[in-house]
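In what follows, subunit A forms one complex with subunit B and a second complex with subunit C.
Let's look at the complex of A and B:
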């Protein structure tokens, strides 16, 4: 029995522990699903059997075909067609694309703004901190969906408008989270050491505070992406989100709502399943990520 | 007398996927009733593992692989979990290191005591209450009836530790295992707690095992000592014998590394037994070395002058000034430090010594008073260019080596940051050269450059901190308890390093510590602090030989006197 040097052991241990954690069924399933969803959304124009928005292809004659029936031009509509004769499968792929673009763009920009505000508040403290955090409080005291509805009513329709609305709804959550982590890091002695070296505040925030407070944000960002997909779907369902010419999963669901009582369930059901699967995959993956990145939660 | 506890050939191993690690190897100890056995060793020596093995609380993947633990002639290894539970509560009591965490913060002291009494003695109602009161009295808590209703946060650290001792005594145990019982406490509280343990041990004829890294504690309380190194007990014997004429080379090294409170020695000698200590410090020829190149060439006799420094913290915020409650952390502190001198600040925790350091370093704003560094007033002028230039010549080394390095930066980035930021190196090659030199000076190899802080031990991290401070080419170094979280042998190395660097670079040092022997070894002059003000400033020798202030006398009286036991040869 020989004593093994500690250093080597921890390295090897963390690596194999990582492998062990990643090989859990929930991580694998959600990861694979997430990967597939991303691929489908990215390559939608290449994968989709038809282009549902090319008016020269769409024919009203194909309206409300049940899943598996053949369309007029001979292609099989695996998930049926909607009232206007568009292939639901193709519509879902294109809709997913819109939904993901909206969610990821808003999450990234909101993350950036939140990071800036949170780090500034935590680093300078005092009045700046109180001022910024009161703004955050005000922002957080309104329900997200309400703020988004009002904003969209003011701004009008369009993908860019939805993204702006989602950023305004979300930045405060990031700001609050990053401030909480950064305020703990701020009190640690390496920040004091950097202050002793008289480095500029910008450099201390950028090189010292940021890298040490970012990991909870990465997790939050994944979870918030899922959240913003559902907010966007809700907005589109309510008719204030993306325009009908660039449908998202939400507007597809709302689109099929008129037909659900007449038996054409597929127009609403399949986009709904897709929405559910995407949000669930991102959430589960984010949750696993949280466990992986937080050494206190993992055993 | 019959042995209370006898451990024969104990082996404890931790099984990991990369093979097993032997934490304790062939350990044998005995404890008689009414006897205090000290187990000393450095972190990782396996001393706590022995304590846990006795009460069978070794956490997986650890396992006892060999040996016998005989307690009152019963082999504890053969008992099942239920029988073990009875032994643990009623026959063996535990005292843990941190009284902060070993009491439940949301329940009253009384509730916790009664719960323990209910389950161990099966006494209930009035009888249990009376028993609890008696216990609190026996550990020296005043007004036990009132204190029963108090919550742990209403007690001071020392009082909490008394309650923990009361809890350990609740089942009338025959053996008490105390794992670093005083490490989290101040010197004066430490002395009281140790006296209490000793008194209880004699009065109740208990066997006591004290696990500690502090030889001072052992010399105060123990009858016999077991010295552990790398999982094995290298030496056992009476406390006088071990401390005055140790046989094993490790014990000798360990004792030599303990700072002496009685005389000042030039360096800590003969501490080479400890692993990783083989690096030799290369002397720096300042004249032609880059560290000798100064940013400014001002010569000044006095490095730091502090007059009437005041700082208070807001304890309770309120809109109106008269409703706010403040804590006066520093009150009318004045002293001056000559260039090239080491000035010590000593005091118990909460005396404001760290606050003074942070005020001088410009990390906190100054309420009132002045701080002059090389004749330049720095009080509350954070943006002044000249002030910034002066402040850059003052660097700080912090207490906690685990939070003082940015975990996300490599060692190379950490130590070259000031050089890159101020562009004091002319080329990339020069930068690399400087980084290598710095690591050489602080006794770390070149390989360390590309590693990250978590790959180093506490002592090595402290060396990196020192390298980072040196990279800014300071003239003044503020050391805030730089060794208080380190093992004695590592402490000796770091202190030696600081002494060497000071001598070679003619640094001025402000050295802060609660540890009097360390202060004695390091400082030329000392200020004793209490409640935010200075009680006494004196030359180190004068202070230690003829203290004038009553509080200084009190502090010095608490200093462990192990070296009076040592033979003159070490």
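Let's look at the complex of A and C:
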């Protein structure tokens, strides 16, 4: 009888701790920022003051205007213009769009491949498992940026190639995480029961193993998205990722690199702040998500 | 142990071979290096001659076989652009990268470890919150952009430090390095901090997690019950227990630093291997790309093997595969 009130108290305690953790200012700020970033990226063509890639609008006469100056056609360039006369604010909005598309596409496809490999390894075990995990181990022993760099050296430039490189970089992390969770689930009774009912392997994996192995992936996928935005920007900056003709945050910063010594700081500063804010918001949000989904706290 | 090492060495050779095969066959699909080497206005005979000289008129299989036989005797081919052995070029540039990575690692440990321990010991204090918040920002800030901002602030606006390059180097005890001259140090400060920042944040997070985990364990409670002073508990009970995972992670991180140096080297025009390989990728200088790749893969395989061996040596609970 005595244990019941004690349990209830710890339960209430952890729950209020959870609520406190989630109402922290950093969580709210990062959540709002993330929401705004997504809106800006989705509706970039509607929000942006000018279309920086429409050559009939962009004029070289507007080149390197400081933030707040008026462009030739009367629009104010709030964040200045770059060397070719493109409005930096509009370029950032379009760039953000490309960066997010690359990151989200690669995360979703890599997640899918990782799920497939991880669940297969966990379900069948034995040779298949050790073979697949050996590949994962070998790949994960090299840093992501290096693998991506080499892949792009082999594939060439382009948005599609960056996505392919990021998928190859990320699938192994998902596969390892899924396998670790699924291998624990695999030994539980409900899987045994399903096997006794002679359900097909596919059905057991799809209907039973998958739904129970997916929650650790949510946090991982969030943090990985931040990571791949960073990698894409870095690769584009190094000149092997998204080409300069397609706006991405990395290629915008790389474009501004040529002007920093002449004092036109805004061409690199503002896209960089956007990149930093996006990655930081996702990281902080992911961190909080980890706290929320942590089984030790949600018991 | 010996069985494990032999098994891993065989596996490493297989990985190297497969890597070289994939890289060699795929790199031949991207662009035509001859376009980068000859003046586009030169005569067709001239272009053909260059193509023959570099052996690019032969099929990929023949080229790969030539490369493989050369590689076994330690010759990874000549750079198209510099006309010198690719491996020699890498060996020449590697000390600069090694210097940068070592300085960054030292910075990461000397700043990250104390801050991480502090944050772990006072998890609810304001100081810890600032440290942990800072570490999230440090992990999120893109290295290359931070480098650019550092150049704008410290070199362009304030004019305190040089923009790029390595500066003077001096030979001390057989090591050619820029840490022995004032000019060299001035050149080294910004790139080293830039490269270290991400790792500092990582070390802080790792250390804090380790400290929190160990401080909750029974032997710390018993040490407290025995009436030991806090500094004594930290020194003789906490530190030895958090060092094992941190040291092993750092050994692997040293490899990542060398890979990440590519980015920092490009920003600060630091004459290391990273800059060499980025230029080689852009200029389609295939032998350097292939040689760099095999070099880095070997480096990582060796580092990982060392880590596994150290791990088994320090922690008796770990058993190596093949040791059963």
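As a working rule, the second predicted complex is superposed on the first by the 273 of 299 C-alpha atoms of A that agree within 3 Å, B and C clash if a C-alpha of one lies under 4 Å from a C-alpha of the other, contacts with A are read in each partner's own complex, and residues count from 1 in each chain.
Here is the rule we use: contacts are C-beta pairs under 8 Å (C-beta built on N, C-alpha and C of every residue); 3 or more make two chains touch, one makes a residue touch a chain.
Everything numeric here is computed off the predicted structure, so don't read it as measured data.
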Inset, instruction - Kindly classify A:108 by the partners it touches after superposition: subunit B alone (first), subunit C alone (second), both, or neither? - result: neither
Inset, instruction - Check the contacts made with subunit A and report whether subunit B or subunit C touches more of its residues. - result: C
Inset, instruction - Please work out whether A:47 is in contact with subunit B alone, subunit C alone, both, or neither, and reply first, second, both or neither. - result: neither
Legend entry - Partner chain in contact with A:261 - subunit B first, subunit C second, else both or neither: second
Inset, instruction - In the overlay, answer first, second, both or neither for which of subunit B and subunit C A:226 touches. - result: second
Inset, instruction - Please work out whether A:145 is in contact with subunit B alone, subunit C alone, both, or neither, and reply first, second, both or neither. - result: second
Inset, instruction - Examine A:192 and indicate which partner it touches, taking first as subunit B and second as subunit C; both and neither are also allowed. - result: first
Inset, instruction - Touching subunit B in one complex and subunit C in the other: list those residues of subunit A. - result: none
Inset, instruction - Over in the complex, which subunit A residues touch subunit C? Could you list them? - result: 26, 138, 141-143, 145-146, 149-150, 152-156, 226, 230, 233-234, 237-240, 253, 256-257, 260-261, 263, 265, 268-269, 272, 275-276, 279-280, 283-284, 287
Legend entry - subunit A-facing residues of subunit B, complex: 13, 16-22, 230-231, 358, 361-363, 388, 391-392, 394-396, 398-400, 403-409, 417-418, 421, 454-455, 465, 468-469, 472
Inset, instruction - Within their complex, state which residues of subunit C touch subunit A. - result: 15, 23, 26-27, 29-31, 133, 136-137, 139-145, 148-149, 151-152, 156, 163, 252, 255-256, 259-260, 262-263, 266, 278, 281-282, 289, 293, 296-297, 300-301, 304
Inset, instruction - Using the touch rule from the top, collect the residues of subunit A that touch subunit B in their complex. - result: 1-4, 7, 9-10, 12-13, 16, 188-190, 192-199, 203, 207-208, 211-212
